[in-house]
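Both complexes below contain chain A, partnered by chain B and then by chain C.
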Partner chain A sequence: MSIGLVLALVGAVCATVFAGIGSAWGVGIAGQAAAGVVTEDPEQFAKVLLLQLLPGTQGIYGLLVTFITLSRIGILGGSPQTNMDFHTGLMFFFACMPIAVVGLISAYHQAKTSIASIGIVAKRPDQFGKAMLFPAMVETYAILSLLTSILAVTNIPLS
Partner chain B sequence: MGDLNYVYAVGRIRVKEKSLLSDSDIGQMIGLKDEAAVISYLQDKGWGSQDSGKDPDRILSAEEAKAWGLMVELGIAPSVFEVLSYPHLYHNLKAGIKEICTGGGGSRAFYKDEKYGRDEMLRILKEKDYDALPEHMRAAAKKAYGIMLETKDGQLCDVAVDRACLDAMEHVSRTTKHEIIRDYEESTVAVTDIKIAVRGAATGKSQNFLKEALAPCRSFDVGALALSAAGGPEVLRDFLSTHEFPEAAEALRTSPSAFERWCDNRVIETIRPQKTNPFSLGPVVAYYLARENEIKTVRIILTAKANGFTEEAIRERTREMYV
Partner chain C sequence: MAIVEMQKLSICAGKKNRKAILEMLQSLGVMEVMTEGIEDPELLKMDTLGQRQQFQKESELIEQALKTVSKYAPEKKAALSMLNGREALPRSEYDAFVGKKEECLKDVQAINRKDKNITECRGIILKDENQKETLRPWMALDIPMDFKGTKKTSVLIGTVQGIHSEEEVYAMAVPGISDEKALCADILSAGNELTYVSVLCLSRDAEKVEENLRAKGFSKPAQLMSGVPSRTAEELDKDIATQKARIEELIKDIASFESRKEEFRVVADYYRTRAEKYRLLGTIPQSKEVFFLEGWVTRDSADSVAKLLTERYGAVVEKEETKESDTEPVVLHNNRFSRSVEPVLASYGLPSHGHVDPTFIMSFFYVIFFGMMLSDAAYGIIMFIACAILLKKFKKMPEGISSMLHLFFWCGISTTFWGFMYGGFFGNAADVIAQTFFGYTGPTPLLKPLWFEPLGNPMRLLVWCMLFGVIHLYAGLGIKGWECLKAKDFVGFISDIVAWYLFLTGLILMLLPTELFASISQVSIVFPAWLNALSKYMAIAGAAIILVMAGRDRKNWALRIVLGAYSLYGVSGWLSDILSYSRLLALGLATGVIANVINMMASMVGGGIVGAIVFIIVFVIGHLLNLAINALGAYVHTNRLQYVEFFGKFYDAGGKAFKPFQTANKYIEVKEEKVL
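Let's look at the complex of A and B:
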């Protein structure tokens, strides 16, 4: 197995691992806030559940990039690029980094914004629409990094 | 990350805040005909418990128990509330010393406290078992008890205990890791110093007496406060006007009850930013303090209604609400 393939694989793993860590932490902490609200006002369950789930998308984006990368380097198709050179492997590695790094950081900040928005819903359930927009803004940057990673991974030339 | 340890508690508190009494609720209660009407209003708002009936004391006790019960349920460290209970603890110390030395007082002079209620406080003082007290109280207890036994001067005893209480609170405000506790204790020490200065000015206390009574505080120079209080009420009002407390000076010009109202409102102002803080212990402690303030205000209204006060007189005595 070539060092290039190993690098590409490490990149693919990082995309899922780091974005997944961010999302797991974010959904967990936002879930605590949501549980607090539902303890006192069970009617708000659906609204706070949506807010809790928002930081979970980064993990899905990371998984998507991992699938595309694994597919391109042949791991998923059963014919791995065992002769991949170092530079190509490095390109795959860096192509996975946007969603890995931005996914982790954006999930952290989106979770904090979601918690603040859960506070809005707790006090003013009728303002759910506005409350939803604040954490959704953070999603923009996770989507941008997802696009960057997908564009990079799908356009790396393979020999 | 520490700020995120309380997100569940803050979530619950956000919902609970909706049921706090607002200024408009207080206005409506003041406008009601009598005590019975106020009790009905409170019961419509869910105040009291099944067995509290129409008894004002039992309704208020039930509300105190609910507020404390919620804190226990949320798993907030008791040490946080120990700090908030310093004034009650030191009050019980004063009440205990006076009961032993003068025979007066009785159980109504004490605050209820699981650990340092009347019986335990009297035992500690009689047996001179000061080690059973929290560390910050030991020296003050010994000193105040000694003063009372030697001089029988209740005022000197009060000064020693109150000063120790303020010093303990000031120490907490410097060392706590919780911003809300720091701000609350700092604000309480400043307001209490001003109260002491106002009383000292009104009764013609000397500068030395006031220096002994006032605790160091970061909001102003207590030496200057003592000097102005020794100069009389007018000099003290000028001092307050020029040291970030013009509302206190204005309240003093209005009436003593307006000044007391300002003191409590100032503390509520300190905790009000917690209404929009989604993290940390702040909103939880602020809610508890808001409940205490609410119960205190309702007690004032009920007592005033029972004694036939005018609406204007009650309004002057009621506090601003947190929400």
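Let's look at the complex of A and C:
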């Protein structure tokens, strides 16, 4: 077993782990705010639930990158690249980093924006459309890092 | 595909027709009534605040009673009952219900009173239970709690710190008393670091015994209690049973009103609508004989409204010219397809009069982009069939939900289209099922994409996404150009619109033949020399116009050029806007790849019966989850592309929504005879 494959696997795992931590954290704190609104006004359940879910996408993006990486390095599909050299492994590792790091941080900040938007819905339920847009702004950067990770992972040459 | 033209009407009518006119306008719901504009010291306003609050209170009381009845006689609500909308009620039935409103209010008060009684009974039960709880440790005592003793003997009832046996308590009490045999300590119970004791002794020793015990932490019960504990508890139990029976009776009483709920709802709506009428009534300027109103109606209905008022109520109606200072309310009118995105536009802000209503153009981009992001044919089919069934089944659903479902219906069709383009039908379900259950080993994919598979060549799709972005943004800039032309601002059209088209198109054409672009798209484009030259000239000409003209309202030339240069810097904004369309690729990939992951997990058990069962369970749950989360993502990000990128190029929301004076009904809709 080569160190390169191990490095690539570490990268793939990091994508899910860190983006997942961010999303779990984010959905968790946004859920607390949402639960607070529902105690006062149960009719807003659907709206605040959507806002709570918004920071959850980073975890999915992380999973996506992990999946693409695993299938490229052959761990999914049954023919692992056991002779991968150190440099290629390192490339896979770094290709996974954008979504791992940005996923973690953006999910947290998106959750804070979601909480503020949940506040909007609590006071003015009719402004839901606008409220939903603020967290979506933060997500842009998770999408950009997802794209970078996907493009990098799919284009790393395998010997 | 436009903003509906409005007409302002001024109405003057006799006071005897005041209520009739207001009621008619309210039930028609076609006019936004204004009363602020009419100022005259001779005209007075009626104080209707008292009545209005009274009506509001009545409707709130009825709502409260309705809630109580529903609580004790739960209605079997069909799933999706929120889609039912308001019930249509003929005028005659409505009037019959309203005729019985006094009786209805009486019943409502009775219900609310009974509900209050229930709360009281529950309070008593709670108190009894608490008392029983405090009695529990003393239950073994067979003398009254406040029993002090006989002529010769004394009883000490209380608690001692710590858990002790009878002998220990006896030993605590006994030192220094006159007759050691005439002392008896009984343990009633123990728990919570306390021993509950009753100590019997001679009266003359009582003081000494109490002193001894107090040294060991003896104390009498904190609450004064009387009677034999077990008997008191029995009485409390009896009281609790009585209260419970009473509550049950009250609940039965309340539940018996279930059949009257319909009536309550109608009357609640009646009071709500009346409160709204009195709100307006309080703002209407009136003299001794006449009153005045102003209001907006759509231009098409202006004549018929005016005719109705004149002929039926002898009112004087004048059509007024729209003044500069008037804020004309906005109503949009679009075809059936585009109408479904109106709520999306309205939630950003309506366009103001004199501007373009972008709904029509936006609707196409909206549906296409949504489809590209969700991009799975099966998900699209599920979406549009589900929406179609709901729309068919619930004809009277509230307007907001209806247009939402229409929007998702169209988006579902677009999703199906893009799904087949990308070759996604529950991801790669066809391949996985064939391989797992039918031992298929031939080439994949079985479902060939009509266009190409995004994951196989993401860079190519990225370039396409940016192209769609450029078209979208150009359309936005085009709308701004159209507004310039309509306002006859030809200088603005050339320097703000055409110049940017030239500049950007030139830059894009210059980029296409470069190696950089070739390495991204894996397509090398070779332009003829004249096109290369032309692109350079276009970019330079555009840049030059922007540099000179962007700051044209400044007299100072130096400042003007600096402002022009700053405007040119706006090209970085264009770059980031275009890059933002990469989300079309990223979200499209997300749906597809996660669908594949679900298929793979589902097929892990392998073939056979067990495998099939596991496959179906994982498949259904997984794909539903994926559909839900990605539809949410597609919705949010399509909105974003419209709001930030597209609207950023031209749109100023500033329109005030048309809010006609209408009924405030929540449950019913009165079917009127047609008058308009």
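Everything below uses one rule, namely that the second predicted complex is superposed on the first by the 159 of 159 C-alpha atoms of A that agree within 3 Å, B and C clash if a C-alpha of one lies under 4 Å from a C-alpha of the other, contacts with A are read in each partner's own complex, and residues count from 1 in each chain.
The definition used in the following text is that a residue touches a chain if its C-beta (ideal position, glycine included) is under 8 Å from a C-beta of that chain, and two chains touch if they have at least 3 such contacts.
Quick caveat: nothing in here was measured; it's all calculated off a predicted structure.
A.B. asks: Touching A:Ile115, do we find chain B (first), chain C (second), both, or neither?
C.D. replies: In the superposition, A:Ile115 touches chain B alone.
A.B. asks: After lining up the shared chain so the two structures overlap, which partner does A:Leu63 touch, if you call chain B first and chain C second: first, second, both or neither?
C.D. replies: Second partner only, chain C.
A.B. asks: Which partner, chain B or chain C, is in contact with more residues of chain A?
C.D. replies: The larger set of chain A residues in touch belongs to C.
A.B. asks: Tell me which partner A:Leu158 touches in the superposition: chain B (first), chain C (second), both or neither.
C.D. replies: neither
A.B. asks: Is A:Ile3 touching anything from chain B or chain C once the two structures are fitted on A? First, second, both or neither.
C.D. replies: neither
A.B. asks: So, does A:Lys123 touch the first partner chain B, the second partner chain C, both, or neither?
C.D. replies: Only chain B; A:Lys123 stays clear of chain C.
A.B. asks: Taking the superposition as given, does A:Gly36 touch the first partner, chain B, the second, chain C, both, or neither?
C.D. replies: In the superposition, A:Gly36 contacts chain B only.
A.B. asks: Quick check on the output: what are the common chain A residues between the chain B footprint and the chain C footprint?
C.D. replies: Shared contact residues on chain A: none.
A.B. asks: So in the complex, the part of chain A that touches chain B is made up of which residues?
C.D. replies: The contact residues of chain A facing chain B are 29-30, 32-37, 39-41, 112, 115-116, 118-119, 122-123.
A.B. asks: Which chain A residues qualify as touching chain C in the complex?
C.D. replies: Touching chain C from chain A are residues 50, 53-54, 56-57, 60-61, 63-64, 67-68, 76, 127-130, 132-133, 136-137, 139-140, 143-144, 146-147, 150-151, 154-155.
A.B. asks: For a test of understanding, state which residues of chain B touch chain A in their complex under the given definition.
C.D. replies: Residues in contact with chain A: 4, 7-18, 278-279.
A.B. asks: Once bound in the complex, which stretches of chain C touch chain A?
C.D. replies: Within the complex, chain C touches chain A at residues 343-344, 347-348, 455, 458-459, 462, 579-580, 582-583, 585-587, 589-590, 593-594, 596-597, 600, 629, 632-633, 636-637, 639-640, 643-644.
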